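Naming follows writing order (A, B, C and D), and every chain is counted from residue 1.
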Amino acid sequence: MDYTYAPGRNHLFVPGPVNIPDQVLRAMNRNNEDYRSPAVPALTKILLEDVKKIFKTTSGTPFLIPTTGTGAWESALTNTLSPGDRIVSFVIGQFSLLWVDQQQRLGFNVDVVESEWGAGANLEVLASKLAADTAHTIKAVCIVHNETATGVTNNLASVRKILDHYQHPALFLVDGVSSICALDFRMDEWGVDVALTGSQKALSLPTGMGIVCASPKAIEASQTAKSLRVFFDWKDYLKFYKMGTYWPYTPSIQLLYGLKAALDLIFEEGLDNVIARHNRLGTATRLAVEAWGLKNCTQKEEWFSDTVTAVVVPPYIDSSEIVRRGWKRYNLSLGLGLNKVAGKVFRIGHLGHVNDLQLLGCLAGVEMVLKDVGYPVKLGSGVAAACAYLQNNIPMIPSRI
Amino acid sequence: MDYTYAPGRNHLFVPGPVNIPDQVLRAMNRNNEDYRSPAVPALTKILLEDVKKIFKTTSGTPFLIPTTGTGAWESALTNTLSPGDRIVSFVIGQFSLLWVDQQQRLGFNVDVVESEWGAGANLEVLASKLAADTAHTIKAVCIVHNETATGVTNNLASVRKILDHYQHPALFLVDGVSSICALDFRMDEWGVDVALTGSQKALSLPTGMGIVCASPKAIEASQTAKSLRVFFDWKDYLKFYKMGTYWPYTPSIQLLYGLKAALDLIFEEGLDNVIARHNRLGTATRLAVEAWGLKNCTQKEEWFSDTVTAVVVPPYIDSSEIVRRGWKRYNLSLGLGLNKVAGKVFRIGHLGHVNDLQLLGCLAGVEMVLKDVGYPVKLGSGVAAACAYLQNNIPMIPSRI
Amino acid sequence: MDYTYAPGRNHLFVPGPVNIPDQVLRAMNRNNEDYRSPAVPALTKILLEDVKKIFKTTSGTPFLIPTTGTGAWESALTNTLSPGDRIVSFVIGQFSLLWVDQQQRLGFNVDVVESEWGAGANLEVLASKLAADTAHTIKAVCIVHNETATGVTNNLASVRKILDHYQHPALFLVDGVSSICALDFRMDEWGVDVALTGSQKALSLPTGMGIVCASPKAIEASQTAKSLRVFFDWKDYLKFYKMGTYWPYTPSIQLLYGLKAALDLIFEEGLDNVIARHNRLGTATRLAVEAWGLKNCTQKEEWFSDTVTAVVVPPYIDSSEIVRRGWKRYNLSLGLGLNKVAGKVFRIGHLGHVNDLQLLGCLAGVEMVLKDVGYPVKLGSGVAAACAYLQNNIPMIPSRI
Amino acid sequence: MDYTYAPGRNHLFVPGPVNIPDQVLRAMNRNNEDYRSPAVPALTKILLEDVKKIFKTTSGTPFLIPTTGTGAWESALTNTLSPGDRIVSFVIGQFSLLWVDQQQRLGFNVDVVESEWGAGANLEVLASKLAADTAHTIKAVCIVHNETATGVTNNLASVRKILDHYQHPALFLVDGVSSICALDFRMDEWGVDVALTGSQKALSLPTGMGIVCASPKAIEASQTAKSLRVFFDWKDYLKFYKMGTYWPYTPSIQLLYGLKAALDLIFEEGLDNVIARHNRLGTATRLAVEAWGLKNCTQKEEWFSDTVTAVVVPPYIDSSEIVRRGWKRYNLSLGLGLNKVAGKVFRIGHLGHVNDLQLLGCLAGVEMVLKDVGYPVKLGSGVAAACAYLQNNIPMIPSRI
């Protein structure tokens, strides 16, 4: 049985992996190449410069690792820390939970700061921990910029302010998996030491490339960090960077050309325009949710995520049924509620290469699904609310003016 | 300047060329092959059998001609008629007009039966002409099944009834360019002698293949027809069919594999389900138009087209501005009004590989465009009307139940 | 049964359709687009300028017709001539024969000048006919630049010289199907009135685009030519050129982007370098044939074709068996002998996007096939002869120096 | 500067990444999908069954890890061993050296057994170590099946015999990166505990999937192994296998479909036929090397590799110049000599989706390069020797008989 066939195009609104632009698919539709020829290093050199722009860094050192976000996490941790090191980390949903789990399994001493799911990281607790840590036993603060499970965006500028306030030298490690290239992220300005994302999120590529960027301070830390590592070891990369061949092991030729195409599209649109588009789509989605009379899982406006909206369903509805039905009847892919919010929320991912009409098709689909599962939605209400906002806010397409 | 870039996917709602399924794009993504090897004839043999199903014929002979719909018209006419032959032909919009123009330029003696644009073919006039033609000077009746310019579907079963009523031997030639694979079409049952379509319409392929199907009577006519022809001559095809090599000149290898994939998808969905889907999308579109308070260019329900809806705009609006704005602001491609209805209608094509949520995205886009150009539409109203209908009528996706 | 699978890549050495560059495949791997949006005319405008360069014309008017070479022939003839017009045409092999057949079936009065297959067009007969035609009853001279069936290249400069010598105003119509983009061709310099090629030949695209270029004199002739035509009528194109929308009917979006990519590659390599590469590959092939002790079907060096070599086999071998075996055992596609030379020659096409090592793989394959069918070839002999020449003549790849 | 353009197709003869079949490229040319829908687990389930066949195991548990061969190594080691564990490992070339380096950096106590580069693993030393190890302090024997740097294939059956002879319980860990799917490999029969390969080698996919297969004994070992690991931890996979969702983190949708297509091609050809083809291509290459008067880096016939041949050049030639020139002049990609044999050998990879004529094109290219760099090769000699063997040994293509 081929589950994949259905008339028309799948509306892919999970918060990753996301829709790949046709230009990127084309760029990736190619045979393998000898990665030791002059062509691949030449391409890599350009990519390593270009990719820094999505982190808004000039001093960072990027690594394009053949792995996923989970591997990128491991790269960030094992290159900068030693087993037993004390770190502060926040649990605010499933992905931050998984990162903490990784931190613990890798042997770090994790001060876990939990929030209710739907709330942001508790930065007051961070402040008090840093205040108390005059001996600087805390080696790193680890935080997920955007918690994909609950649609919560943490305030990284505040984290930096707190670190600075206490003049604390802890490394500042950020999971930007569902934020970078979609939300405002400023590595240098916010003094982030390691930032990372995955290719299949806002970059709109296939899965398979973990993109990690390290500050000079992080690079320095990596020279003494004692965590065992080989595949994820930055040292090997840096050695090959110096030699100009760039790759300690075979990269995916296809993902390299794909990354080039993806970055070119982002720069053509303008990174800040991309971020503005995500804000517009996020706002439209939230207006629709409100019009449906449903609650956003995100508790406060300051934490609203522009890449994913987690929608709380009434207790008499199983949110998994919404996802199932979207897929089975409308060729619509929505995100499940995970762990603590399983059955309670469904998620609309609105990140990557996606536009307003695609979102409106999705919202119309959600309305029909809601009706299917017994929620008394007024059909068209969410779309109307979204359109009322969008019609005033969508810019002309620059290349077509 | 690259006009093509815009974030997200283009909503392609012109009535052709239409969206190509990914499966078909994949099938076509291939190098050339020697078309004289055993592989290409083997594939062709299968295609010639399979393609008959979309015409609902068992006795017809199909030709897969490297040309467009215009060329397919020419193939139908020149193979069955001789210069000076009298034919009856209907003008009900731009495409039937162009066919009549071709008929005249090819030297036929055309009895043109005109209708107002928005009305169907005047079959009463046909009846009276046939009644009067006891000498059988009329050699062919030519009719466009679905006039793409006005969204009018003609009743082919009635044409056959009239021909039979007068026991008139005229050939029955049908342009099915925007109908076959989308609307109910029954070559054998309706005694159609030549039916034709183009690859870029409901088959959802690229442009480049004119698909013509000839009844035994048409094949017989082709043996004596005196119109000069070589490229379009069925004789050359039939000669190569007999030899088992099939091709008098080089076919597009890519389109052959693409056609295989396209037909496979249609048969997987079920041709009648495909037709039902078009009816559903057409109905939803018409409900939206009504909700917007706009008029359908098609004058009577019996002529409503399930593949394209021509929407009449108020006199104070230029419909071209709607199309322009859709493209420039919303990455939405709509059809222009052509010739007599230029500036007065815009068209929503809803044919080929397209589904409900894509249509709803389009409808939401149209609403915003309407507002942009000063029409006092209630945002969400069309989508709501369409959803109310669709939510009760969309079947579960069979492969996913 | 899927005939297409075999380990490794097919060595495609038929004289068309030829190997498509990966860059072109990528460019064509795309969804349909609205051809009435501003994007497609903008692209077309560029293409119409660029394509003139492969004809070496500045004054010509090109037409990109959705058809094959056979259709391009018909376009050239019907737009410039009227039924009954006297034309001189040469038969030197299967393709020139087919063109003459078309000319006759389209109602022209054809003076056929035949040569032995393997010889070039008999220009002495042409001279005497023109000399005798003081009344200028000859309206056109039609000649195939490169006869694909026998590997014979005619001398077009001589044809022009003869026409000029007799100050004869006949139109000069050239089939450049297997020459343009591969052999030296100079439309303006040689005063060619209509030149044409097909996308699947040296342009290295899929089949489906007939590219026809008309001189001002040919355009003028088209205004009075009385041959019936619609699909192939230049008038319709010229009308849309003037309007800036360019297309009288739907073009293949994919082939337009493919043509752009194909031309870009040709211009990147340099058209004259492309022609030199074809000469190099042709020379290498002929040296191999000589080393095998086999005869070239082309009778004199002046007619040697740089795009295809027809190899004569000894009488005790059926050349079809060579082609069959190449395909069945070595995944090698060679050209059959056609018509008069069926069973007597096989053909090696060496045109389009192909390089030296690919050719050498093909030649090694031919050697093994020859041995298979009982010809006492010295294995390696042809490759050695080709290599000895090539090793002295292959230039460095400019982008890699 | 775009290094990639050159007329014709690159002859890619590095020992990985290798040529990707068009069928696989097509299968991978697709948008992302929701990996939590029922479709992806259904596909994964099939893949996990199918992939066992290339290891010739029924009892093994495969893992499809988004990583490279280096990551697959790490997965094999960290899941089965604890820091400080004693292992025996062989250095016979660059890749076995890198694996030993990894073993040491991951904290294992490595008994390194070195051979001269060009020789196989010294199994006598293994025997004596096992004989002496009555306390069973040796926890694992790690061996590279095929050393890609020197073209040496180790005898795994002998390793198993020695382990059995001494009834030693050490785990048997095998790097099959450049062997599996190309050389005879029998996981169950040879009692291999962990075997691994990378997608870009004989499977002929892009880089990005490390395929690891664990015996029941290895799975058992993983439950107590104390090496820290998260990304590479089998436990997470096994948990999701049990749940039927299969993926602890996001897989590459494209590589999953690509793997399906790649396996289908291998099974269509027949795994043993694939292995026989590699033997044929390897033999042909060695015969060519001999004909050129050059030495194989592999010291004895028993170690000859059928996936890569390392060719020793005379001392007055720098082998890097051969590789450079192949790329710059002939669009031929050969493998460099690495580390100890840098400058002394160049490598011809003949693995994956490649056939006889492609190899012959490569060999002809190598001959010209050799002449270019001053080696007095007789042009055609290697091709002749290879052809003489191949012409007697290439089977008919089964689908074309």
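Assume a residue touches a chain if its C-beta (ideal position, glycine included) is under 8 Å from a C-beta of that chain, and two chains touch if they have at least 3 such contacts.
It should be emphasised that the depicted structure is a prediction, and the values quoted were computed from it without experimental measurement.
Minimum number of contact steps separating chain A from chain D: 1.
For the pairs B-C and A-C, the larger set of C-beta contacts lies at B-C. When chain centres are set by their Cα atoms, the one at the greatest distance from chain D is B.
Here the CA centre of chain C is 44 Å from the CA centre of chain D.
Centre-to-centre spacing of chain A and chain C amounts to 53 Å, using the average Cα coordinate of each chain.
With centres defined as mean CA coordinates, chain C is found 34 Å away from chain B.
Annotation for chain D: residues touching 2 or more other chains are 1, 3-4, 19, 22, 25, 29-31, 38, 327, 400.
If you sketch which chains touch which, every chain touches every other chain without exception. Of all residues in chain D, only 1, 3-4, 10, 12, 14, 16-20, 25, 28-39, 42, 66-71, 73-74, 83, 101-102, 105-107, 198, 200, 206-208, 227-233, 248-255, 327, 333, 335-336 touch chain A in the complex they form. Residues 1-9, 11, 19, 22-23, 29, 265, 268-269, 274, 277, 327-332, 353-362, 364-365, 367-368, 371-372, 378-381, 383-388, 390-391, 394-397, 399-401 of chain A touch chain B in their complex. Contact residues of chain A toward chain C in the complex are 22, 25-27, 29-31, 38, 400.
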